[in-house]
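There are structures below to look over.
Each of the next two complexes has chain A plus one more chain, namely chain B in the first and chain C in the second.
Showing the complex of A and B:
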C-alpha cells in the first residue's frame, strides 16, 4: 500500500513537472491572451482550462469552436466527468451550463428548428436531412436533431468523426453495409457548410436576455384531453424564476394547479420543473418576444404524457384573441365560435378585419376572457388559411375557411410505446389524436394545399397488424387504448401466457372513426409497443 | 438466410412466424420515429421490417449484454466499451437481475 502511494506521488510530481515545463515553453503571447481575456467565463477557465489549452488564435481549444444548446453542453460536461476525470460540484456544473449556453449557445432562430428534439417529443417523425451521406452515417443511430442543435467549425465537425470512431469503435461493424468513414467525410462537408459556428443571427442575439417576470395567460393542448386555458405568474428567484400556474381544460373538470422553478439559458430558453400534486413535469420553452413564450412539457416519468403551450403577456390596453374554438370555419354556413383572450369586452365587430365573404353577425362577450360569436361565411369565400388583422385588436394564429372535412389523420402516424415500470425504467405512453383535413382548393387529398382543420373527437380501436391474415394477435398482451386515444403499455418481463418466451411487445393498427357533418370518416396509424430506451436523453 | 434450415420444431415455428423473404418495409430512420435505430441486425425497437418485432431478441434482457458489451446500439443501450463500464455491475445475470438495469444520462 505504501509502495502504491509512493508510486502515485512520483507520478503526480512527474506530471506537474512536465506541465510546468509546458507552461514555460508556451509562447508568451498565449499567456498574455489568457490573462487579458476571460475564456467564456471564470468557471469555465477554472474547470476546463487544465485540459483545454488556449490555441494559437487565442481561443480555448474545442470549447470556443463550437456552440450548443444547454442540453448539449450538459451532455458534454457529463462526458468530461464520466470519462475524463473532471471533478466538479453540482453548483459548478450548473454554472458551466449557464455560462457556456450564454457565450457559446444557439440563436433563437437556430433553436426553433430543433425544439422538437430539445423537448424530446415522443414518436416525432423527423424529416430526412437533405444529404444522403448524413442519412447513411448519422441517423441510423440517432436523431438529426442531435447534430442540428450544434454549430461547429469545419475542424470541429472533423473531430466529431474521430470522436465517434474512438468512442464507438463498433461503428465499423454495425455500419458494415456502408463505408462509414467515407460517408462521414462527405457528411462533414455538408455539416460544415450548413452548420458552421459563425452566424449572423447568433451575433445579433448573443448577450441579450428577456425578463419574463409578471403575469401571463396560457393556452395549451394535450392530446386526448384537448385545449386548455390558464393563468401564470413568474417571480424572479436567486437563480431564475418561480412560476405558479393554474390551468383548466375547455372540456374538463375544475382548475389544476402547478408550481415550479425555472432557469433561463442563453437569455431566452426556459427550462422548467413543475410539481402537479405528486407528478413531476419538465418543460422546455423559448421566449420568442417580450410578450410570447412557446414550448412543450412532458411528465418526467412518462414522456408520452405531453403537451404544447403558448404564453401571452397580460396587458390591459387592447383586446387580444389567442384561441378560437374552432379555428376552421365552414363555408356556406353560420359558424358558432368561441373566442378566448383578454380585454375582450372592449372588442367591437368592426375591429376585426376579416377576408371577403366572412361576416361577424353576433358578438357577445361573456367575460373579458371569452366571447361567443356567430360568424357567417359565404359559399363564395376563398378556401384558404388567413390571419385576422386590425389596429385595435391583436389576434394570434391562423384561421381556416373550408368546404368540408374530407379525411382524417392520426398523430403520431407511427406510435412507439415502450414497456416500463417493472424496474427503474419508465413506461412511455402515447396520446393518439385524430385531426380533420380538407382537400383544399384542388379538391384532391394528400396534396400541398390541404387544410388541417383541427383535432376532432373520435372513436378509437385497435386492429391486428397486419389487419388481414395476421399470424398472431399481439393486442391482448401489449397494452390498452382508452376511449380518448390514450395508449398505455404494460410492464417488462416475460408474459407466460404468450407463445414463445415473450414480453408484452408487439404491433397493432390504431383506427379512429369520427362523424363530421353527418359523414363518417375513418383512418389508421401504426403502433408498436417495444423495449425500453436505456439511454435516457434526448436522442 | 435462404440456405438455413430449421432442425427442431421450435425452429419450424419461428420460420412460420417470421417471413424471412419479406422485403423491408421501412428504409432508414426517416420512417421510424425519432430515437429509434434503423440498424436492423436484428434491431432494437423493431426488426428489419421496421414495423414489427418478430425478429428481435426476446425477452430483450436475455441478450442485452450482447448490445452493451459490443456498443451495438449506443444511442439506445449504454455501451460498455468506453462510456459505461460499470453500468451492469449490480446485475451480473441479466436474465435474473434485469430489474436493476437503469437509465444512463450522457
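Showing the complex of A and C:
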C-alpha cells in the first residue's frame, strides 16, 4: 500500500519535474518563462494595448501578425512616438525593442540575407528583388532590405499599401511613371508568398539564446587599411555583455583597444556600442553558432568608416586557421603564405587536405597564432576555389587557385558619399578598395567563373566625371581621396567659391592602378558626393 | 492776349491731365499683384517697385492658388494640404478657412487636397482630395474625389470620384460650367451633371506612337488664357524628349513642342498670349521660339534653382520665384533687372489683375 502510494507520488513528481523542465528550458538551455496570458510582454501590453487590442484570435492586433528585426521594431516604435503620440521613456523603448525582437523577431537564416541593411552599410549595391512589381512599387524609395527584414501575414502586407496611400498620398505623384496601386497589389502578392509570417526556421529558433561569454579571436577587414587580427572577451552584465577588444592591422600601427557594451536581441543578434579613444563605434553582429560570430561595425559619426569582423571562440584542442595572406594562390609557382589562427604550433603538413597539385613544402610556426608556409601549386592544378579539409584542423573560408590576375574592380562600384559635419548631419566617407580578379576557366573577363583574388594595394586618383568633355570639374570642391582610397567629403552648406552649384556636391571618376606580377592593371568607378541623408527614416 | 492764353492754358491743362489719366485708366483698369506661395504665408508683391505689399499668415506651406474672374478673391491651399483659405485680395485679409478633415465612425477621415480652384464668381470651391481613414491602429484608403464646396456655408454640395494622380483643377475660360482636371491625363468635369470624362490621354495617349507624356503641374499657368507646363515625352522606341505642353483655356486645345536639347528637367513654363515665345525655368532659363521649336536664348538663375516663371500682366517682363526666398524681374532676353528678397522660401507665383 505504502509502496503503491510512494510509487504514485514518484510518478506525479517526476511528471511535474519533466513538465517544469519543458516549460523553462529551451533547446539551448536558456531560461524562457512566458506567462500564457501576457501578449508579447508586460511592457508591450502597457505601451501598446490601448491602441492594439486583442483580436478575435486572441492576438494583439497587427503586432502579433508581423515579425521584424530589432532595427525594424525600433523604427516602428519611433513612428508610433513621432506620429501617433506614444509616450515612453528611453528604458521602456529599449524594453519594447528587446521584447518584440524576442517574441516577434527574425530567425538567423532570415536575418543573414539582410545583414547589410541591418548594419546600415552605405554604398552597398543591393541586388534588385526578382519581382518586377516590387521593383516598380518599392525600390524607388526603399532598400529591399527594409521589407525583406520583415515577415507579415497577407493581411498585414495589404495594410502596408493602405498605410502608404494614407500617410504619403503624394506617392501618386512621385510614382506617376507607373500605376502604383496596381503594381503594389502585385508586389503584395509576391511579398505575402515569400515573406509570410509563418516559418519553420522561426519556429525552430524562437526562444533560443546563445551565451557568448568568454574569449574570442577576431579577424576583420577594413577597406583602405586591410586585414586585422585581434582578441576579445565578453563578460555578462546586467542587461547584456561588456566587451574588451584589442586589434592590430597586419600592415600598420600597434594594437588598438576598444571597449563597449553589447546587447543580445532575439537570442543571437548582438548590437554593440564601443569606444575607441574618443571615437564611438556601433557594431551589428550575428552569433551563427556557439563558436562563431559574424558582423559589421561602423563609426557612429561617419557610417562610411566601416569594417567586417568574424569572431572565433577560443579553444585549445586543435589548430584552427581563420585567415590567410594571401588566400588566392598562383598556379605554377611556390606561394609564400602566412596563415593566422590559434593552436597553430600543433599543425602538421599532413593535417591539411589540399586539392590535387597543391603541396605544402614548408610550414614554420612563428607563434601559436601564425605560420609561415610555402605552398607549391602545380601549373596543371584546377583553376577554382576550394575548401581546405582535415580532421585534425579547422580551416575557415575558401581558397583560390588562379593563373594570373587579369583585371581590377573597385568596391563600391558606385560610391555615394555625403557632405556633413557642419550642422547636425554627419558626413559619410567612402573606403574604396581595389580587388584583383582572374578570368577563370573560360579565360574571359566579367563572366560567372571569374575568381575574386582579394584586395590589392593601388594608386588612387580622382578624374572628372565624365572623364572626357566634362562640363564642370567638381573635384576642387567635393572632397579628397587619400593615397589609401579613403574618400572624405567636405561639409554641407553654401560654398561661395562655386558658381551656380552652391554646395560641395558633385561627381568624379575614381581610378585605381595596381601592378600585379609586373603587369599594370587599372580600373574606374563613379563617385558622387551628395547632400546629407536628411530623410533617413525611409531607407 | 497773353492773359487770355494763360486763362486758356489754365483751363486746358487740367483737362489734358484729366484726359490723360482717364485714357490710362481705360487701358489699365486693374492693379497688378504677384501672389507668391511661401511657408506659413502668402506673400503679396507689388511688382511695380517691387516691394512686399502684404504677408498673409496661413498654416504651413502654401500650394495651389486660384482667383475669381475679377481677381478680388483668391483660394489658397495650405496647412499640409488640409485647409483652403479664402482671401480678400483687395484688403489682403483671410475671409475663411475651410478644413476638409472629417470624422468617421471608426476614426479620422484625412483628406488632402491635390488641386483646387475657386469658381469665377467666387461662390464655390472645387477640390480634388485623396481620402484616408485613420483608424485606431490601421489605415483604410477611400476613393479620391472632387468635392464641390459652397463657400458661404462651407458645406460639401456634391462630389464625384476622380482618378488618383489628379493635381490641378482649372476652370474653362468664359465657361463656368466646366473644369479642366489635370492628372496623368486630362479630364473635363461638367458641373451641370457633375460628370467627369476623359478629354485627352497624355500619359496614356490614344496613339502610343505619339509618345507618353509625363508632367507634374505644380506650377499651372493660365492667367493670360494659356496654361503651360514642361513636358517629358517617352516614345516606344526609347527616345526621351523635353518640351512644353500648353492649352488654350477657352478652346481646350492642347499643343506641344519638343525642343532640340537633351532633357535637363524644367519645372514650369509660361507662354505669351500670342503664342510666340515660351519661357521655362529650373536650373536654367530657356526662351523658346514656338514656331521653330528652338531655344533662342539661354541663361541661368543668378542664385540657384527657381521653380516658377510667369509673365507680367502686360507681358512685358518675366517674373521668377519659387525655391529660394527671392522674386526676380527679368526682361524677355532673360536678363535680371530687379531682385526682391522675400521673408520665406517659396514654391510658385501667380500674376493677378485685380479689377479696380
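Quick notes on this one:
By our rule, the second predicted complex is superposed on the first by the 499 of 539 C-alpha atoms of A that agree within 3 Å, B and C clash if a C-alpha of one lies under 4 Å from a C-alpha of the other, contacts with A are read in each partner's own complex, and residues count from 1 in each chain.
Please note the rule applied: a contact is a pair of C-beta atoms (placed from the backbone, for glycine too) under 8 Å apart; a residue touches a chain by one contact, two chains touch by 3 or more.
Note that the structure is predicted; figures quoted are calculated from it, not measured.
Annotation: superposed three-chain arrangement on chain A; chain B versus chain C shows a clash.
In the superposed model, A:534 makes contact with chain B only, not with chain C.
Ranking chain B and chain C by residues of chain A touched puts B first. Of the two partner chains, both chain B and chain C are touched by A:167. Of the two partner chains, chain B is the only one touched by A:79; chain C is not.
When the two structures are aligned on the shared chain, A:456 is found in touch with neither chain B nor chain C. Once chain A of one complex is fitted onto chain A of the other, the partner contacts of A:141 are limited to chain B, with no touch recorded for chain C. Within the superposed three-chain model, A:52 lies in touch with chain C and out of touch with chain B [touch as defined at top]. By the document's definition of touching, both partners, chain B and chain C, reach A:500.
Contact with chain B, but none with chain C, is seen for A:116 once the two complexes are overlaid on the shared chain. Touched by chain B in one complex and by chain C in the other are residues 166-167, 169-170, 173, 500, 502 of chain A. Only residues 13-14, 16-17, 28-39, 41, 44-46, 51-53, 56, 58-62, 70-79, 81-84, 98-106 of chain B touch chain A when the two sit together in their complex.
By the touch criterion given at the top, residues 51-53, 61-62, 159, 161-163, 165-167, 169-170, 172-173, 176-177, 180-181, 500, 502 of chain A touch chain C in their complex. Those residues of chain C lying in contact with chain A across their complex are 110, 112, 114, 130, 132-134, 136-141, 164-165, 167, 184, 203, 214, 216, 283, 300, 303-304.
By the touch criterion stated above, chain A contacts chain B in their complex at residues 75, 78-79, 82-83, 116-117, 121-128, 135, 139-143, 145, 166-170, 173-175, 412, 414-416, 422-425, 465, 471-472, 492-494, 499-503, 505-507, 526, 528, 530-537, 539.
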